[in-house]
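So, here's a batch of structures to check.
Below, chain A partners chain B and then partners chain C, in two separate complexes.
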Partner chain A sequence: MSTSKVQKQDVLQAVVVASFFHKNFWPAADGDSACLMPLVNRPLLHYTLDMLESSGIVDVIVFCSSGSVDRIKASVQRAAGARRLNVVYTTSDTCRSFGDVLRHLDACALIRNDFVLLWGNVVGQLPLLPLVKRFKSLRQSSDRGAVMTIVYQQSGDPNTSSAADQTIVLAADTGRVLFHNRARGKISLPLELVLNSTVNIRRDLIDTNVVICSTAVPPLFADNFDFQTKDDFVKGLLINEEILNSTLYAHVVDGDGYAGEVFDWPSYQRVTRDVMHRWTYPQVPEVVDKYSLRYGNVYIGENLKLALTCNLGNDTVVGSDSRFGSSTHISNTVIGKNCTIGNNVTIENSYLFNGVTVNDKSVIRFSVVGENCTIKENSNISDSCILGSGVMIEPNTNLKLMRILSSDLTNKSKKLSAKAYAYDTENDSDSDDDQDVRGLTFRKRSWSINSCSSSDNDDTASVAASIPDDTCMFYSEVVDSLIRGFEDHVHCDNLILEINSSRYAYNINYREANFQVIRAMLTLNTKAELEALNQVRYYAQLQSKLDYFLPVLKNYIKTMDSCEDCLSAIEDIAKGEELLNTVIVKVIHHLYNMNILSEESILKWHEKEEDTQFAKTIREKANKLIEWLKDAEEETDSDEDDSS
Partner chain B sequence: MLDVDGETHEMLLDNYISNLKRKKWENNYVIAEKTVQLFRHFIDTIQWSTTIELLNQLREYGFKITSALPLQFIVGNIIRRILNIIREEHTAARKSSEEEIDVQESLHKIVTSEDDVDDYNSIVPELKLSIFEHLDEFQIEIESSNEDISKQALEHIHSNEIILTVGKSSEVEMFLKEAAKDRTFEVFITECSPLNHGRQLALNLSKHKIQSTLIPDSTMFGIMSRVNKVIIGVDSVMANGGLRTFNGCHAVALAAAHYSVPVIVLAPMYKLSSRYLSSYNQDAFNEFVSPDGVLNYSDSVVSKVDVYNPTYDYVPPENVTLFISNNGGHSPSYVYRLLSEIYHPLDYDLSVHNK
Partner chain C sequence: MQNWLEFQAVVMAAGKGSRIPEMTATKPKCLLPVGNKPMIYYPLKLLENAGFRDTKIIVADNYASDIQEEVDNLGFEMNLSFVPIPSDEDWGTADSLRHISDYILTDVIILSCDLVTDVDLHQVLNIYRNNNASLVSLYFSPSQDEQCIFTVPGLKSKIKFEKDIIGYDSKTSRLLLMASASDYEETMPISSSLLNKCSNLTLSSKLLDSHMYIMKRWLVNYLIKDVNISTLKGELLPFVVKKQLTKHCKKIELNEKSVEDEENEKPDIFNILKESDIEANIRSMSSFGNLSNFEEIIKCYACVIDSNIGIRANTLYDYCRINKTIHKLNINLGDEKDKISPEAEILSNQFDKESCSVGPNTKIMEKTSIKSSTIGSRCTINSKTRITDCILMNGVTIEERCVLQNCIVCHDAVISAGCELKDCLISGNFKVPSGGNLYKINYNNNLYNLLYITYLPFI
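And now, the complex of A and B:
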């Protein structure tokens, strides 16, 4: 259809953000061109463009970073429907976040009308035009301030909804978004939300990364330069609703389509499964490409060479021109084009990209194997291994929970062989983004009926690298600071400054901070060092450390409350560490001598009724100290109570 | 209308295939019309002098389309029909130029004749014109096929009969409405889950003052004993007289066979397909669509079950009593004969080039 006759203001535009600003898929794909990563042997971006095209949207603006623009252009040109799209590319070097992209759009003045905004990782089949129409009529009739309709997918799957972990409160009648929170566990809702109107409080919604925006959205981002992500935007608008005079609405997809976003490995697994189970129809392998479908969701490409005894299990996609040896078992797996699989190979729940070679007797489970990798005989790759492109795994290798690169770019990787370097996440201390990178969910789903209810315990617990919460992060930072401080003899004032800045960074309250600092201080020794030390030397060393950190302690332990935190921290650590347990009374005494712990607080701690066996034994141990303290009280008036 | 201005054939093919893949044209009738329009445009714009050049070019396009859309039988039917029209026109023109003979072919003549194999290599003047004339006829045939079928309604539906139909089919709707002009009868309509198109038909018929009852698919067997006739529409008729039709029809046909109720299938000629059922798998026959409708995505079991939502059912020819096409009634065993009349045997396989 020619667009020349259509009036300019009537053209519906779509903006596709093809840069993800995260490294969740690294090393299988980097952040810039992750939208070209194959999902069921087709680049993610193709799904997104296909969805736009089938919704009848022709004008598409693709934002990509300048480094990847050529690759994205080339890939889009290969997409089947690209000819029918009018794609405009825009790029910028300065964009570091989603918010920057919208500010860039605002600066370029590319947006002429209400537009559909989506990421290059949206897979699905969603009629967008009715949504846009509804949004427009909403703006014209009832709410002029409506700036955005957010599209959510309803999901009853406990695995996915707990992964998304967001609580959204919607007005029951209009679908207006009243509250949005991404916290885990308990959340508190403002009471006024539910006082006057009927609301739906929902935790079963997952993001689709499709939003319908009015022209007011890019200027809003430009005005509020602290909006980095969509969540920031939503939060900012909800807090400043009156000031910005903007409202948000939600549309929940249930039954009228399907949309899913691929932002990390668990969602990659989920969306891959949904594509194979045909929720995205007609965006399924055999419609968009040349596959044939057999029962059990087995998709078979052209020109395959399958050995007679090769067994393809359920939910499997095999790309064209691949070869399979005899007695090879493959299930729940996507295999790219031009792959060569040897004899007696087992591949389960994995994703092999194009051109992979797997030699005889290897086993691959719950892993991602990048393009053109070679896996030699008898290797075992399992439990969320991510292999970048071009990796060569030597024979008889056992790999678990690793990210493997073909070359050592950062010098932080451990060399396994000539073309395999293991990237160690823990050692990467200077990576500037502390984003949680999650691996594949690799424990088998439990098939019991009550798995739905106990989802938190066993269904989702197996994410490879679980999200470290803020407190843990804070704790590890403090440990880092203290170790460095002790070794380099950093002045304690500077250490305090450092700890305080971490405290603000992770939003830790005072008492929590006290607790964590003490914990950190008592656990500075590594396991290996501990084993080498005996009780006496351990205490000597601990004492010297405590003496060194005296100014730090003084700074944090000032009040009665903080003394209490300090003691409970000591108790907490002693519970886990045998050596400290033996000297706990000494430590408390020492801290008392150093005027850190007040007498009252120790007495109070001692008197506190505790149920656990451990707490009782500790208090028994401290009996002598307490007696001594009580005696000392009678003799001298204590003056160490320096509560402020 | 097909938008053909200034686009290359590749673009047209591409758009056409993508429209079909996205189900832009739900109705088989619309697909047939669009296909004829497309090929009309091709015949008009392809540079050709001998008939074989035209045929080969069209077969190439046809192969492209049918291999991209292996499940759209209608498209293949229309393409083969058009190729046959060209062949017929070519032969007719040549024969009329050589000698004035009876163009009408009879079964006897076909069997006995040792006709020289035509290589379509000659240049026939005015061929394009006669092809277009024939194509016009063909288009009119498609357009009026539903009407032609419904004209025969009174021969099949009698007063106070109880008719059972499955889902919604435009042929059946028109057929029943036509019969209702003169006779009163009762219609039972199964919902045809998961699409539930039956509801729409029930609504349309009741607007037309036909006594109609919507029943769930599961109650069909209980009702069958009271039914006089089963009348169903069809997606396409296979070469052996079997049906590829809406999901659920096979059960209806078996129930009908159990109670010896006649099953009448309304199938316009363009739905006659030259294909056989080779496997129940999707690659050759069935089409699995999104499980949406069978199960909601928001159901918590989604990740634990495999859900299939097939579109079609195969009904074997022995369960079909009669086909009613725009040319009259035929029994399933006669389908092969109809096929050889409307398609040329050389066109069954579009991939092989004729010399």
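And now, the complex of A and C:
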């Protein structure tokens, strides 16, 4: 009896949070059961539990919401690795965030010793025991205040992957976390940090959502009830380091393992690719399940019926009991079990869950198709469409950038057919929280500003090339500020401050600044977005952006001179940007209505003699507006005459 | 003939030693002894060991003959040519380099005369070669174990040294940021363009800049064009390092007219750097390096060395430190006879051969005890004296019954009989009056200061 007690003290515990408090995967999965969502035809939670099992952990506490506990229990029992684990479930209905879970753990007093805390979405292979050992010795020898080691995965090329969107500053010798910032822009480091020790500023780290905690962590969450997420915790600890007397450390996984978390669709894509490329070995399809591996990372399940002319390209997983028609092309795709794919179907870069039926001549690109969906003939589903389970798509449907449900839950969705309701994410302004839900990455994100470095795009490059260095830098910083400002709803006053500080930093004079700010405001869309937009949508978006930035505009465009700068900036951008060119008069009119541009300035601009063909055509286009302006002017003049 | 050379070497020895004015009032910094050799011996030896055959030495014109005479005595095999620069004008290192730019035909390696290190120069040169760098700068990381604690002789210096902040890519050791801590107040902004370029940036304020640079010839061309730059470290380097981040617009013919008027004020560095056709070809065909590095022509690298010892003897502390550790260093100091000159007359019975070095024509009398000290040439040490942890420069006379501990005695100074000095710094030609009672306890810093002021006019 006593020996088992001693052992119990030493047994390393792991806490798996199997309930995500976000709806990133909606409608393919909701927050409670997202950890059961298949990744390469296997529930996410199975990967997590297998990782714990193989790294030698026995005691696992799984937290889940009471609604999903039965489903999770049933699923875990099917997992091979879980048989050797001692799994304890704990549930709570009041938990609304990660912080609540930790407070719940504190209240339940389930934690006996240092423990591993991770989400039920971690895929990979990590030697956890040495990490815990190192953490313990760190606490014993050098830093008693160490409460957490955060495990990061080093990303390959940070410029191409959008995953590493945080800036972390570590002490070079100890790996202590000194500074953490979620933004991608520039950072301001306290000078003290740099002078005290040599620091590494890392942009190439991806969260793995695996942390090693001391027993002090749950009480810290309990004491600070405003800690909702892990980021809150990190931030709070770094700011109140002296008060809380707690320090954080980082461990970077590089070569000695792999871990990736699946928290949204881009990371889902990334981790799926890594699993297929065998980074997670031994957690690869043919080891954990009955697959056979063929050349080019093609994994083929059992009992398949493949037509002779069916072509499976690289990086493809095909689940068991599926059937494929002739002349069907499939590449970079995961197809679940019991799927039926017809003839002449093309599926690329997509994820089809179990039991999906795709009829003849359909095309699926960069999309997720939930369980038991049916896609009828001649449909085209592309560009980050997410289909919930049980959706039925009628023949000859064309879908892009949509989230589709099988039933109308919210009454806000548009009915496409009896079993398909589209939920437009673009205009979804009143969703419960304003965090943006990212879809699949279906094109390389490249801000149009980046093209000034590459020479492949000739017209923009030439515009950028004529600008002196500092101005170019100023412009790109303004674009950064504005994009972030718009996405994160930063208050415009702060944006003005930011732009002004950039202006001083690069020594830009007023008029140049006016010019560049307007230019930046008109070029916020990415090239990819622009291609997807038509004229009307483009103008609507531009208008909403201009409305949002109204205080910024008001700040910069005040005088006659600045109006002139503003107009010439619009003209400058319109020269290179076809879409803006078509709506330029509307834009000017809108700015006039917003009291940004004065009548005189527009008239003056219009009267100015220009030699180039482009300038002339623009002024011709504006003729109507000018006439209207003149009329209005006369009217007001006459009004004034009358009143006087 | 000279075009066959890969590098040309320049040693900057015109520094005034403004951080150690007590010692450099009457003697050039580069001739201050370090372990029985003038300081300039070490950078020259470094170059000679690396196989350099020609070296230019920049000296201040008022000391040119002194330095030439003394350096010639050191017996270097390579050709040394001395270039005097006016000492009354405040020339920086960049000015000096511009001055000799006509002689510089190849890439150039620049050393400071106060650099004492046992680093292998080829290690640094290889970084330059491997990366096809525009500029390589050598840094020493501070050695923790070597942190010797001792009292610095002389007045407590109140000069606060500027802390430099160096930022380099942790993997490639590409030098990306040079700044001084005094540029910032409380926070240090780091631009997004820097962070985008380098995802794993190491920032350090502890590195010691060796002032050794290897640079491409076109940087000298740039120096000729931009006459406003006066120092290498303070102006040229930060400028070039910063320019790495700027995007270089290739279409020069496009912006010719718009930049024309600016050109007169500040020459565009990108117009000056000339890439040969073959280099451009190599760059475009190479699959080496990732795409973001593809377009870059300016590439600065930091060579951070932590295994070797490197000291710049430009402060009193560092000067003392190098003198205390020089014997432990693995620097080729020459033969044993160089350490303790056969021409010296040593009659002492308590003379520690291991920890001392003695110059020629020095006389050490009987009944003296000398430990871990450096003694220059033409010194006379009379009997019944005890000297520990001291540096005696050339021509010092120490009379009878003196006790010197942890002192620096500059050239031709005289310590009169019966003095007891501890932690003192005696300037050149200074005569410490006899009568030990004044200094019996500690040769107080303030007292020393007083003496310095009162006695100097009488000499």
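One rule holds in what follows: the second predicted complex is superposed on the first by the 427 of 644 C-alpha atoms of A that agree within 3 Å, B and C clash if a C-alpha of one lies under 4 Å from a C-alpha of the other, contacts with A are read in each partner's own complex, and residues count from 1 in each chain.
We take it that contacts are C-beta pairs under 8 Å (C-beta built on N, C-alpha and C of every residue); 3 or more make two chains touch, one makes a residue touch a chain.
Treat the numbers as computed from the prediction; the structure is a model and nothing was measured.
Chemist: One more residue to check, A:149. First (chain B), second (chain C), both or neither?
Modeler: A:149 sits against neither chain B nor chain C.
Chemist: Based on the superposed arrangement, let me know which partner A:272 touches: chain B (first), chain C (second), both, or neither?
Modeler: Touch partners of A:272: none, neither chain B nor chain C.
Chemist: A:397 in the overlay: touching chain B, chain C, both, or neither? Say first, second, both or neither.
Modeler: neither
Chemist: Who does A:204 touch here: chain B (first), chain C (second), both, or neither?
Modeler: both
Chemist: Quick check on the superposed pair: does A:167 touch chain B, chain C, both, or neither? Answer first, second, both or neither.
Modeler: It touches chain C, and chain B stays clear.
Chemist: Do chain B and chain C touch any of the same residues on chain A, and if so, which?
Modeler: Common to the two interfaces on chain A: residues 155, 157-159, 204, 452.
Chemist: Which bits of chain A are touching chain C when the two form their complex?
Modeler: Listed in rising order, the residues of chain A that touch chain C are 155, 157-159, 164, 167, 172, 184-192, 194-195, 197-204, 452-453, 455, 461-462, 464-466, 468-469, 472-473, 476-477, 480, 505.
Chemist: Across the complex, what residues on chain B touch chain A?
Modeler: Per the touch definition, chain B meets chain A at residues 3, 5, 11, 14-15, 18, 21-23, 281-283, 288-293, 296-304, 306-309.
Chemist: Under the definition above, what is the set of chain C residues touching chain A in their complex?
Modeler: 163, 165, 167, 170, 181, 184-193, 195-196, 198-207, 246-247, 249-251, 254-255, 258-259, 262, 290, 292, 295
Chemist: Help me check something: in the complex, which residues belonging to chain A touch chain B?
Modeler: Those in contact with chain B are residues 1-2, 53-54, 80-81, 83-84, 125, 153-160, 204, 253-255, 257-258, 270, 273, 277-282, 286-287, 292-297, 314-315, 445, 447, 452.
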